[in-house]
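What follows is a set of structures to go through.
Next come two complexes built around chain A: one with chain B, the other with chain C.
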Partner chain A sequence: MSKHLRKISAALMIAAMAMGAPAWAQSDTGAMVVGLSGDPTLINSGTTTEINSSVVGAQIYSTIIRLDPKGEPAPSLAKSWQVAPDGLTYTFKFFDGIKWHDGTPFTSKDVAWSLLNVNKLYNGPAGGLLEAVQAIETPDDQTAVFKLARPYPPLLRGLAYFNSSTILPKHIFDNGQDPRQNPANLKPIGTGPFMFKEMKKGSHILLERYPDYHQDGPNVERLIFQIIPNEAARALALEKAEIDFIPYHVMPLGEVERLQTNKAITVAFQKRVIAGQYQAFLNTREGPLANTAVRQALYFAMNRSELLAKAGFGHGKVSDGGPFSSELPVFYTADVKQYGYDPALANRMLDEAGFPRDASGKRFSLRISYSLSEGPMNDVSRLLRSQFAQVGVELVDKGMEASAWRDTSFVKWDYDITMGSFASGPDPAIGAEAFYTCKRIERLSGRNASGYCNAEVDRLFEAGGRELDEGKRTEAYRKAAAILAEDVPHWWLWDRYYPIAFQSKLEGITDDVTGYGTLDRVRWTQ
Partner chain B sequence: MNASASSITPANRSWQRFKANRKALFGLGVLILFLLAAVGAAQLAPYDQLAMGASFNPPSATHLLGTDSLGEDIFTNILYGARTSLIVGFCAVITSTILGTLVGATAGYFGGIPDTLLMRVTEMFQILPQFFLAIVIVALFGSSIWNVILVIGVLTWPVTARLLRAEFLTLRNREFVDAARSLGMSDFDIITREILPNALPPIIVNCTLQISSAILLETSLSFLGLGDPNVMSWGTMLHNAQDFFSRAWWMAAFPGLALFLATLSLNLVGDGLNDALNPKNI
Partner chain C sequence: MSLILYLLKRLLYTLPLMAGAIAIIFFLIHAAPGDPVDYLIGEAGASQEVVDRLRAQMGLDRPVIVQFGIYAFEVLRGNLGYSVVSGAPVLTLILERFPATLLLMATQYTLAAIIGITLGVVSARRPNSATDNVITFFSLASFAIPVFWLGQMMILIFGYYLDWFPIQGMTNLRKGYTGFAYVLDVAYHLTLPALTLAIYNVGLVLRLTRSSVIQVTGQDYIKVARAKGLSERTVLFKHALRNALLPVVTVIGVEIPGLIAGAVLAETVFGWPGLGRLTLDAINARDYPLLMGMFLFICLFVILANLVVDLLYAALDPRIRYS
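For the complex of A and B:
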């Protein structure tokens, strides 16, 4: 249903665009317009992981630290920090004189309250990230001290992600109310470079420069998020300079090639340390896929270069590191079992596994589920149907609306194969671990829905998450990757590259490595 | 009676009139081609239904109508799409005709309270916005081809019902019906053996026209991405084509053309039948 509504609103949107561009569209260097595919349901990443919310919220709110273009921690709210040698104490010193947009002074109590009372409780990734944090002490208004129960190296970088670690104002959210119901979710007050001005559903969100921002910038007076549901219309709007930037999560992949030929537009690849992979969870509890040999055989039957070229328009790399994307620094290794395209081998393995072809040439049939709003998945399903037919396996397409997909796959576990884009990073302890360890077999979105459980893999992930020495961590994770590539609880299709497109005169967009960072340093060049 | 006289049955006379209508004959010819394509899709298709070649091949000798974004042969898909469209068209219309006949015959023959009740129900169905209801039902209950058929059938029966009721109202008081009644025939026999055969011509014409609207409805649903993903349909092909309109015109043009020809031929046949079966034209 919602897919249909989107189509209709897309049609209306095209009509609306044809009638006349918004007033701010005419290459006004005092403004910057970002294209989005739909309204964020709310602007508060403390309670949601929706990317639209993070992209908008990152301009209004702040995180404790940010990541520089190399992915190293850099000051944001905190001007300096120290990690104790035992890895159990993190001390952050904040800038003086930071004020919320309503004039209330920002203090370390905002940090402590927000992270422990909102983010940890209502935001999935933050729950994992802050699991080891026992307490956040605030000896004075400019200092916060994190006390950990056990060393947890991914914590520092994790605090730079708006998607999990947005700092919310205590004086607005600490009113006894459920933070998900707070009116400030649609009228946010932050410490970031832009102040919220107005939000018109289905049309735009208008932000204005915050003059008292404590860091440099921002360099534009107004920042506008323009809602354009139709993919082709979004690309067209960029070409007509009605919008200036299309972020990674709403980039129309089919338009990349055409936009690249336009000199006024730069197409770049967003470095994203969350290292997303298109991958398929396999239900290892029942049916033919409970058999490791079958999972391996069908992985051999898969022509992943064709999937990437035709469904992903070539924006990525066929996964060769098992559970870790090649975009994941340090931990990735290609020294794991490889699955090249080999239908003959697949046929042989299926015969040996005890699944002979019947009279019509068919061995068995599997259901393949995915969300219809997840870009290339419909095409992947069509291609796989064709590829698996060659080894006598029939696929039944179960594409469905996003929330129904999440429910049947991750809560009901009613699937054989379910596909989507999942993050292996920014650190395996945050990303990959959730999919493969026994304790994560939970009926929750983005958890171990395959039901795969291997004590050795659990031990390695456990060791990797605690270990402080990077060499030993790497070793543990690489061993785990090798075992997983052998057992194939998932089929890792391809490592995603994230194309983005923006007006060539904009500078500084590619400095952000999170994909939804603050745009305070972005400026127009002449 | 000699042989030539006995051969001029009403059906025969209708056929003579139909044959004289060139537009109707053209429609029939095209329709037969589509039927052949649908029945013989597996034999006629140059490629396997699941075969994938190079993407975006323009029409050529190897790929008569080009290939789509995934490298599927468009001609092959159109043949299989014809099968889907005709299955949906015929099955949906059979469903709706059965429903419509039951309701229309009962209401028209008995009149009174059954008539009032049934006609209010029919009107309720008629005021529902069909297409949006179809979308909601398919979105809720899944988009398998049989669901789509059922939805279309259930949503389109009121026209048949009203048409048949009107026929029954005029026929039920004719002399031959009175005669049958006075001979002691049961209501069921009178309906099925006396009135229904005489009420058929408008129903047949209506069926032909409804097949084409059922095909269009199915195509629209698939175009919005609500079709059965496990069967090929012209609507699905158009749905897949919309992102590549500037790049591969053949992805949209040929399924669109097939749809146009199929609905046009059905409408021409319908018009031809209407003229041929109408007793006023004798």
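For the complex of A and C:
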């Protein structure tokens, strides 16, 4: 190495050190950095349900209403609303003077056009949510009237979710072009608290405060989403204050315990009324699992406390409400058949069901499928393998890459047991219904892949979805839950809690109950 | 003249090579289960009509062979297509990310070559001496350590505990530097990932240089050089090394595809916004046009890199003439 080179590199090193250390010493309250695991492929939750897209889009766009910290509807674009007693007409009044980030006035026509021409056609959950909506009338620029074909109580809260109900600008998307090809998907223009500034794929997304935001806030000048693919590094970056907040869907579960010991970091649980459960779909069409007694027996053979503790790092609660998570408000009940860990009972039931052990002690074998990218499932599979070995059932591990898993399980139905995280909420009519009713036996992701079909359960879900009286709805759903817990088309493993972590100096993060809410009220304290 | 002819011939050979690569890769990735529609509609699912409509719009309802014909035709017209997930042109997506990867690869490979060749020569000077043994141990270890593990250890030690370097990314986003401060900031962020990859690659270059130099130092012209009274340094670096470098350059060229694989891992560990991460995301989303574009780009890059290596031979060894 020449002397010159040596001098230059030494100089560079010194310069680097000089820049680095003091840069961290002062904390910059004008900016907030959120860690993400990957790029949102586009920023338009009207056409995609990708969570990264909703997390970023929620800062740029708005929904008609939002949910307050208790989960009650609160004003967002709409300042007030009214639901007719027959449940067939919803009238929304919007704030005056709302402007899109490009200066164009926002009107009720944006709402009607966006929901019916984009969200309903291109976004799966929105398609279901808006199915009952026949028309959206716009008598004036500040009023939108939803006309429903039949009562659909989940509609109001559903409109608060960014991943189905983001309102897009008509003047930009109504140009005859396919909305998924619109350049605004990568340069969004919204009505939300932050304006899009720049997106560098694989690196970051930069947003800036929108001075004309029609509600309070935002309280930081710049909001940055930084892409950190590596889980361990994401936690380290938070500890070193390179980033300030890790949302629930990218939280490295294995790091939670260590982060909890750091005083500068707050670990909280994201309230999520979509109420996710880790659960296994059972293929009830063929093989031993077609037999209800076998499904029950193996549910008894399962030590779910161990699964939760070892595979789920304890972040949850062993499911005791059958198809409804204990996080699901109102409808959840533990008054259903319970399946405590009881291998002796399981053995006896399997004997009685006509599956005796062979010479080697084995009864039969089952395939267990899951997506390798779905956090704890790999460990669940390993633990279950040894638990089921106790009762003479062999498990064949079929962990696979996410797309392949969805394809073989939900489209080809080529599985015995397939597991992952699925939402029982935010309302059973949106969440749970898709898994258990006969008409949802469709070759599609997140539908009734177990092939379970029970006319009584269908009738109860149908009643619950139409009924306006909350007491009667609850009754219908609780009856359905009791039948399902008896028939076990699924094994409900545990109700998920969603840890999040952020700098303790940040305030207001836990107010959101959706998991991808607007950060307009988050502020730095001190 | 003959050099230009040679170049033309080499470039001509690349055409069937590329065509073959395109065909094989196309059928392989379409044979993998899952498709982009699955990814687009997500966990919540969508109705059969929506799925059918999406599939038809992407042309996925047609037989694979027809899809291939359409794709090949478009590529010949110079159109790599649009990402089915983001709708952005594939070429733009790739070129946007290439500079970051190129910066990382060039830096680390230059570092690896300089360190590897220097240590290799030092090592070869007195084979089996204490110095040689220490260097040998280091080189074998560096070659055996997986990049992702080494990367995480570097982050833990130099980023987390010692607090000398940043942990993630290419720039300090909170500060948003511009101008010269930005350049310094990038260099600062580059240090750990480049060092990690360099350490990994040093082993190979070092071992090759060492054995090759040992072989060469037995030759008569080295004895002559020593007999002339040249310093040991001149003998080793001017006379021995130049002849010993040929096999090293060959291997460096052959290793370039491996470099890209290494870059994927390092980019993931350090959050470096390069091509590696783009490829991984494209695979997960089954973004066929983007994936095809990436593979085409990598093929072309490897072919060109090998061409450059061939040309380097001539520069290093006047006996080699391309005709």
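One rule holds in what follows: the second predicted complex is superposed on the first by the 500 of 526 C-alpha atoms of A that agree within 3 Å, B and C clash if a C-alpha of one lies under 4 Å from a C-alpha of the other, contacts with A are read in each partner's own complex, and residues count from 1 in each chain.
As a working rule, a residue touches a chain if its C-beta (ideal position, glycine included) is under 8 Å from a C-beta of that chain, and two chains touch if they have at least 3 such contacts.
All of these numbers come straight from a predicted model, not from anything done at the bench.
Of the two partner chains, chain B is the only one touched by A:Ser381; chain C is not. Legend: residue contacts after superposition of the two complexes on their common chain; A:Thr166 is shown touching neither chain B nor chain C.
In the superposition on chain A, contact of A:Ala232 is made with both chain B and chain C. After overlaying the two complexes on the shared chain, residue contacts for A:Asn52 are found with neither chain B nor chain C.
Judged by the touch definition given at the top, the superposed model places A:Gln277 against neither chain B nor chain C. Once the two complexes are laid over each other on the shared chain, residue contacts for A:Glu242 go to chain C alone; chain B is not touched. Of the two partner chains placed around the shared chain by superposition, chain B is the only one that A:Ala389 touches, whereas chain C remains out of contact.
The residues of chain A shared by its contacts with chain B and with chain C are 1, 232, 401.
Residues 1, 12, 15-17, 19-21, 23-24, 28, 31, 33, 38-39, 41-42, 48-50, 121-125, 127, 178, 180-182, 185-186, 200-204, 206, 222, 224, 226-230, 232-234, 236-237, 239-240, 242-243, 373, 401-404, 406-408, 410-411, 420, 422-423, 434, 442-447 of chain A are the ones touching chain C in the complex. Every residue of chain B that touches chain A in the complex is listed here, in rising order: 50-52, 55, 69-72, 135-136, 139-140, 224-226, 229-230, 243-244, 246. On the chain C side of its complex with chain A, the touching residues are 32-35, 38-48, 50-51, 57, 82-83, 85-88, 93, 96-97, 100, 114, 118, 152, 155-156, 159-160, 163-176, 181, 184-185, 187-188, 191, 267-274, 277-278, 280-281, 284-286.
In the complex of the two chains, the chain A residues touching chain B come out as 1, 3-4, 7, 231-232, 252, 254, 258, 306, 309-311, 372, 378-379, 381-383, 385-386, 389, 396-397, 399, 401.
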